[in-house]
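Dropping the structures in below, format is structure tokens.
In the two complexes below, chain A is the common chain; its partner is chain B in one and chain C in the other.
What follows is the complex of A and B.
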């Protein structure tokens, strides 16, 4: 028998037009079957009464290290950076993730249902990311190739007395590796036996299968990324984009999507000096496609909402803020046909809260992933706050 | 004389909330809170705002760990010896640190600036105001405490160098050894001046408290034992496991500085680092305050952080107390600040809306009678 789950009442933010007050959200076989103003509830359906509550699509964080840097574990659970070589496209986040880590439980209880988990930013080319539900269902692997410009690779490899120790080195290594890949592609055309374990994952970039996801905070690093990616005709996403507000017009014109954040950290590194909560507002004004990110474990997953709340106080509209927590992330991941809004046929990833998410006191009352209740708030003890 | 026309005042004195009052300020002090309009040369119109006591962050490295300059400019952690009690945050305080402006905008009037966490005795902390041009103008209380690091960070640091103290046994031995030495030093009739001993004596004479960083239950219990043994005043910092021994902490009247909470990436010894674990302290009546440990979390997010207390069931007024009244008490500043009442310093935050509602943010900040941030 088909299982029907119906969420009744409440204010439904479908992200497909205006919110719906007091409607019905029908879930069948893990998918959204319908979002409707009125209906007869069929016999045997499981009904969740959300009267007076707020209903959102599952929230999406497109840049995390969930399960790669484990919670409550020291070096034994620190698997974010293979910092032994600045070029490691062959390593895969999916192979290092502990899906049983508390970070995932924190994500689910915070209403974050999809994360894009990537290797860290120690390496110029850090490896392959994976987009996954926070309950463990893999959505995309690889979701892209993580790359990094700026301070981090410089700092890591100058301490090892290796290249790159400057931004010049970062760019040169990136360009050289991409050229090596082009040469490799040519060789493969001539000789089918040619196989390079390290370069093979980069071929997908040239085939447009997945984008480069390039950690860059400072304006110059963002523009270096843009220059090199244009040179090679590779699709890419700017990760962090801390100084993006300085060059928002260029980002909009070149249609560069941005993961924005974490925006509520201190300027501990020099490249964060011009971090401001106003970047989101500038992106909105200039038309840059962006999604908020926590860079977990830099922020907890619930930091996503504080980033949005603070950006709203600095002039971002609530409407765009909501998009930057849901559908925009889905678009940047290329998964907007599946997640990011409440629409017939999409995955039933749903979050029910007691107050609007822009109210800092709000609590997640329930998280549903693929139609299954993954979290239900009952007592203080089940919070990961 | 300045007069603030306030729509609403949450005094945090008892549970008193006043509406449509005038706050009369002169010489940086609240002279009166009255319903009738006084004549004044300057009237600050806050009729649509909510006025609450300004905030205090009792554990930061502002001025020492300079923001935006890169790690090479950090002056917070003199990690070259385990016993450096004579280090003084006042002597390395950079008054142009970006964090200070952030504090002003975030409504944080006072913050403690504290030296490092590698040394066991890592130095003297002080209380600073986010007003003034040079460190000596900004400092309000110095020293306010001696920092003692009984947490994991310190001993793991010395272990990595193969130096004493590299274990908890070694750590406790070092603390006892230094205190015994200080007691003997005090007894000596003729003595050369010794900065290390003089500083430790300030603690043993209860002139200043020990600000003790601890994480786990065993460290907390050991600290309590040392407190009884040497009869010193203590403030706990971090103290993630304190909910397990809330009764003992209450009995010893040790306040707890908890946080920060906008972070993940807990290490093993921080595995209980959750806001919900403050609830047992709250229930048992332990005085606790929140910190950002700036630069771990930006100081201006102190107010936003306190909303997390509300999420775990702590009342909104008590959540505000955790960032104003309570830290004032912990730092011994409660006679002059931490509530809005006649005779106290005019340290006020102007909120755009009721605390913790979605549009509520710090739009003004008066520090000792002077507007250090105004956006209304």
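What follows is the complex of A and C.
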């Protein structure tokens, strides 16, 4: 007999219209079978009584380094930045991720069920990201090519006395590598022997298989990204988008999606100077598609909720905040057919909390991933945050 | 003709009581379960003794970094280039390393010598016997595996040199790039000139030799699995401290796991799950295991005691004995010659005063190719 899991009662935030009070969420074979107001519970079904609780789609963080910078390990567990060459599209985040790292445990117990793990921002072209469930099931590999503009590549390579040591250098390297790729594509058409291991992953950008995911904080860096990507006709996502509020109209008009965050850090570098908790509100007003991110390990995964709470305090609607924790991330990853809302046929990734997530006292009571209970809160000792 | 008579014979598979081993021209010509001996042979009576195939250590650097020699005398790692598939451990082997004599006196007759783990693609390892003869005479198999490495060692090595690879991502990229090159090289119909690096990788791609992949942590083991999936090589994992965590994923994918060095503390984060319990845990999942000293990291001359400790932590007696005899012979592709006491095999035999897992037992005799060397 097929296994049926039913979450009964509670307030269900389906992210597909208004929340449902006191309904039933039916899970079969790891997928959502139904979301309904009434039903007769069949014999043999496992029932989770969520009366008085709150039910959300599994939360999504579209920009993390989970398991790539291992918790509590120094250099030996640090695999995010191959800072020996500003152009490393041929390296893959998945090869460095320790799925047994405590960071994943923390993500699951915080209700974060999907993360997009990417190389860091030392290199102008950093490598390939991977979208994965926090319980280890790979969703998309590669999920995109990580790129970086602004201070980070500058700082890393000026200390090595190499190009790029300026924003000019960043842009030039990016442009040249993309041009090289275009030339490479042409050469390959003519000669089957032509093969470049390093440029090969960039071909997918021109074929529209996956986007560029471009680390940029300052307004001018975001605009540089926009300019270059338009030049080459490449789909892209802005990562961090710290000064995005200054150019939100442009981002909306050009339909540039943004990963927003980490929004509750200190201003540790010059390019974070104009970070404000109001960016999310401005994005909402201007119609920018965005999702919150922790940039784990910059913030812990549960920092996602503090980021959303503070944005709400500064004017973002709860409705948009919820989207920016769930369905928007799914859309930006191109995975909204699979995750991000509670709808028949989607993965059964579900989080049950004791209070609404905008109440800072809320606790995650249960996390379900692909229909399996991945975390259950019973005593204070379960908390892994 | 020499006959070893009586005692308990471990054949590489099981124990035989009071049998007799007939040795002629360096080979075992027959093994009788009951002794009915001809009169015209030299008989060595081994009543009460334990007789085993000479031990095989499947992962060592013996003769490549002599005992007592300063560090810069080491020939273990060619840490100047992350891809050195064209180098051979045998070219550094010094038969006068004092460890060779000690290993022999403690029953180790065959070893795999291999380049170290500084490079993602390290080079070719060879199977040799520890007897006194010219290098060409001691080689059992010159090309027995392509050593590779994932995890901390390559990334920390090249981090010091400030060059690629300094991360796990890049370590995998080095391997992927070279294996892709070799794949394309192998597909070329008319090849103008031979490339020594790609030729050796091609041997792994064609499964003529296994990849021997140094790894400890779970992400490195999973990277090895992905690389195997992508390139279709045969693989044996070396050390693999975290392997028991994902043993179910490994069965059928690895030819086996070489466990060790186990005698010591974890010297680095990635080997934190190193334990004498690992052989039993892996074996219970049906994964073939061999035990190594990784000499000079653990001393090769206590190889039987590493098996004994694994036995103590739950590995069954026969599997533990096989882990230093017939199983490593299988891993090294030399199981038609060594690792067993059977008809047709090289007469490499060790005689213990008592059970080889008893710390008070002593090696009383060692034969290599039928010649008594101890």
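Assume the second predicted complex is superposed on the first by the 385 of 385 C-alpha atoms of A that agree within 3 Å, B and C clash if a C-alpha of one lies under 4 Å from a C-alpha of the other, contacts with A are read in each partner's own complex, and residues count from 1 in each chain.
Quick note on the criterion: a contact is a pair of C-beta atoms (placed from the backbone, for glycine too) under 8 Å apart; a residue touches a chain by one contact, two chains touch by 3 or more.
All values reported here derive from a predicted model rather than from experimental measurement.
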Chain B and chain C placed together on chain A: clash or fit? fit
- First (chain B), second (chain C), both or neither: which does A:127 touch? second
Worksheet item: In the superposed arrangement, does A:370 touch chain B (first), chain C (second), both or neither?
Response: neither
Quick one: classify A:220 as touching chain B (first), chain C (second), both or neither. neither
Which of the two partners, first being chain B and second being chain C, lies in contact with A:297: first, second, both, or neither? first
**Request:** Check whether A:180 is in contact with chain B, with chain C, with both or with neither, and answer first, second, both or neither.
**Result:** neither
Query = Regarding the shared-chain residue A:306, is it in contact with chain B (first), chain C (second), both, or neither?
reply = first
Between chain B and chain C, more residues of chain A are touched by B
Which partner does A:197 contact after superposing on A: first (chain B), second (chain C), both, neither?
-> second
Touched partner set for A:73, first chain B, second chain C, both or neither | both
| message | Contacts for A:90 in the overlay, against chain B (first) and chain C (second): which applies, first, second, both or neither? | response | second
For chain B against chain C after superposition, the smallest C-alpha distance in Å amounts to 10
Intersected contact list for chain A, partners chain B and chain C 73
Residue set of chain A touching chain C in the complex reads 67, 70, 73, 75-85, 88, 90-100, 119, 127, 160, 193, 195, 197-198
Note: in the complex, chain C contacts chain A through residues 152, 155-156, 158-159, 162-173, 176-177, 180-181, 184, 217-219, 222-223, 226, 242, 245, 268-270
Contacts from chain B onto chain A in the complex sit at residues 65, 67-71, 98-99, 261-268, 270-271, 274-276, 279, 294-298, 301, 304, 307-308, 310-313, 356-359, 361
In the complex, chain A touches chain B at residues 69, 71-74, 103, 106, 151, 264-270, 272-274, 296-301, 303, 306, 309-310, 312-313, 356, 358-363, 380-381, 383-385
